[in-house]
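Which chain is which? They are A, B, C and D, in the order written, and residues in each are numbered from 1.
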Amino acid sequence: MSETLKVIFNVSKMPELEEPYLICGLPGSGYVGKLAVEHLVHELNAKLLADIYSYSFPPQVIIRNDGTADLMKNSMYYWKGNGKPDILMLTGDAQPSTSEAEYMLVDEILGLANKFNVKTVFTLAAYITGVFVDKPKVYATATDADLLKEFQSQGMLKMDGGSITGMNGLIIGIAKLKGMRGMCLLGETSGYVVDAKASQAVLQSLLDMIGVQVDMKNLEKRAKDTEMLIQTIEQQMRRRSAPEEQLGKQPSKDVGYIS
Amino acid sequence: MSETLKVIFNVSKMPELEEPYLICGLPGSGYVGKLAVEHLVHELNAKLLADIYSYSFPPQVIIRNDGTADLMKNSMYYWKGNGKPDILMLTGDAQPSTSEAEYMLVDEILGLANKFNVKTVFTLAAYITGVFVDKPKVYATATDADLLKEFQSQGMLKMDGGSITGMNGLIIGIAKLKGMRGMCLLGETSGYVVDAKASQAVLQSLLDMIGVQVDMKNLEKRAKDTEMLIQTIEQQMRRRSAPEEQLGKQPSKDVGYIS
Amino acid sequence: MSETLKVIFNVSKMPELEEPYLICGLPGSGYVGKLAVEHLVHELNAKLLADIYSYSFPPQVIIRNDGTADLMKNSMYYWKGNGKPDILMLTGDAQPSTSEAEYMLVDEILGLANKFNVKTVFTLAAYITGVFVDKPKVYATATDADLLKEFQSQGMLKMDGGSITGMNGLIIGIAKLKGMRGMCLLGETSGYVVDAKASQAVLQSLLDMIGVQVDMKNLEKRAKDTEMLIQTIEQQMRRRSAPEEQLGKQPSKDVGYIS
Amino acid sequence: MSETLKVIFNVSKMPELEEPYLICGLPGSGYVGKLAVEHLVHELNAKLLADIYSYSFPPQVIIRNDGTADLMKNSMYYWKGNGKPDILMLTGDAQPSTSEAEYMLVDEILGLANKFNVKTVFTLAAYITGVFVDKPKVYATATDADLLKEFQSQGMLKMDGGSITGMNGLIIGIAKLKGMRGMCLLGETSGYVVDAKASQAVLQSLLDMIGVQVDMKNLEKRAKDTEMLIQTIEQQMRRRSAPEEQLGKQPSKDVGYIS
């Protein structure tokens, strides 16, 4: 594991957090979870705790707006609540490319969470219906019955079958094995677009539960930006078999080139 | 191995068993083996010995009827015969998703069996014909000629060619390498449905051999329940490439939602 | 490696061999190499040295003619020449199912060869043309120029481009890294059938080089038997995704069943 | 790692180099990078430092013009500038066949570079447009903003989005994690042929930056030779599933055979 995963801390001293929540939103269908956590990080002005690089991420560098290139990574942020609950937030560029690697990365992330004495872990995900709706419902499942009751009192819908695939499922499942409580909130979405409405619905439900508020007005704009970025990356991943291939946005206008 | 597989014992003290049989029925074509062993566990009122979690299982949590979520796992149960032979039983939610992981999981399971001094291992599987029959035949193969003679005297049919793929084959093959005897019983089935008749046929043949009896009347009903659960899971596994995707049964009526 | 590969020696005492040749014929297109080495083992009445089991072989047991089941394996045999050169022979049921596992298995096999002070390694393979011919040509390549000259004086044809994939290529390539000489002989074949003629051609060329003779008259019959066995196994491997699936020859007549 | 990768040094004593540049060109779309670095190695008369063999390369041996067979490998060369900057050059037959193996190989290569105190790493790649052009543009991205400014002053075009997949991306991304600066130069190419013009464009841009000059007149001829070799290898890789299969150029005329 240590050979294939690298955690680089951005802090000289680990922050002191009191039983923080861990809230995870990784890229997936509709980018519901990723968008929600990125918005939360931004609105809370959360601090970068650590970057997590893994040999199991798609083998590529992402070119940022300023022209510099970066390895794909996941990042963990923290926010001290000062009266509100402390929060750790996880988001990133990608999920691992193999099933086994997903298990391993989750194991590592929850090991990190354990160091901060995390008791409850939330993942934000998509509930795909293939249909566009105006007011997305929020579904939920949890690893223990008590947590289940809590969220039902918040108006979320209980699932009583099916399964949740990928890291959003594994994070709560493995959390349970490690003695934490896990809960997954799923926002109803068509699955066809980056869905700011679904994102806002799950984020609002979560924040209501933990008693934190953030402004939601930039979430719609953030969804549009994400949509553009995502299209580029997905194009790449589909064409990964040709190793040196380079696709992407056109070169910036400031070098005098327009295709 | 220890990094990618976790065995969690459900007992404070290991039970004392006398050269127990190990009977394995994992999900596969027709769910012949899984259904048979689940029925056996239920009818014998067998005790849970250990849950086995593996990084090689499909990366998902399963949502149980009560709304709680659990990682995919295999489980081992035990039954003290008190005059009848002692029995270990293995069943589960899934087989590993790669060939190499199948070998590794079998290695671990038989290591556990060895601690209980298991001498003979049975796997229950499907013999697929593509045709529906009323009275399914039972085929068998074994790792040594003596065991072979025993089962032929029980009316089972000998195979003299072909191969058995997946864990049902590996378990008996690796058992032989570890000095145990292995035998696979295969129930004739169309391969198209969860087949309670094939399941009952292999289970009855096995129980006749080891001199244990259980009531079979709930097996048909259990097959129907399994059919529903299985459809949901298979849907998921086909769509695994979209990480966050969520499919499954509709939310329960008690939250006021009907799709 | 030690966790995923098991070498079981069939001898109580290692035989003393004097710089034996290692001759390898594993299953592949036309079964040219496998058939040749199996014939050689039989005609020389070679002794079984070791069975090699690997987690990277296809996950299945093969059911032998007598109804017993065995894990897939490779086997190494030896023959003391008594005036003729000593020989190690490698053949088996399968090649590993991943590229990386092929490298690892070759590494292990050549490690074993090194213990016997092997200096020269031969692999027998197929040169596929898609066309049926009456007198198959024999092509060759080697890891050093001297060996190359030797075989050209024997009437074999030099290749001056292309590549050899799978274990037949890797065995000679890695042999070179380990300080041994490697040579691959390729028999011209259509690639559509188990080809006894191509098999005989490469085997005869090889035996001429090393000064050993065996009777070839049973090779044709052996090819027919192999053809039947192979068809069954290949059917299995194509259908590997359905874990419990069982295909194969019909049950033996002595149990009174004809489908 | 040490089990699956082998670095064989071709020198009895490590050369003393002063903060050499590392310039990498591996096979990929258009063979832009590989061709450029091979040309550079030849024109500078660079010395072979080490051959790098990996279990993750495609499992095959390549047959050279003289009929001898060699495992696929990457090779590192060095050149002492004597007033000009010292240079390490990396090229090879293949990139690893899995994503995870690409990360691991890059890790190993940069570990080797670190021993020579490399501060700046260049990768040469293709910018695919699907269109043939007479004067290919050169695009670039870098891991830090200062390097970015340097190359813009050289007339290269900045990218401000997209990503670079495969080792050309990973090498600069992981270089950054290891405290080196990384830069990727991409030559505009159709992606359909071995493209000597794109190759010359990126190589010239790079050499201008580091103040070294080489003759370019043989690059066109080298592109044609590479085109032929590449076609053979790609044919092989597409047919890798048939293990023993052998394709390639016809046997040389000097053995009297014409197909």
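Simple rule for what comes next: a residue touches a chain if its C-beta (ideal position, glycine included) is under 8 Å from a C-beta of that chain, and two chains touch if they have at least 3 such contacts.
Model, not experiment: these values are computed from the prediction.
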Every chain in contact with both subunit C and subunit D is listed here as none
At the place where copies subunit B and subunit C touch, is the share of residue numbers found on both sides over half (same) or under half (different)? different
Taking the mean of the C-alpha atoms as each chain's centre, how many Å separate subunit A from subunit C? 50
Taking each chain's centre as the mean of its CA atoms, how far is subunit A from subunit D in angstrom? 36
Where in subunit A do residues touch at least two different other chains? none
Which category does the touching pattern between chains fall into here: line, ring, star, complete, or other? ring
Can you give me every chain pair that touches, using the contact definition above? A-B, A-D, B-C, C-D
Residues of subunit A defined as touching subunit B within the complex: 1, 26-30, 32-33, 95, 99-100, 102-104, 125-128, 137, 139, 141-145, 148, 152, 157-170, 172-174, 176-177, 182, 184, 186, 191
Within their complex, subunit B touches subunit A through residues 3-4, 6, 8, 53, 55-56, 58-71, 97-98, 101, 229, 232-233, 236, 239-240, 242-249, 251-252, 254-255, 257
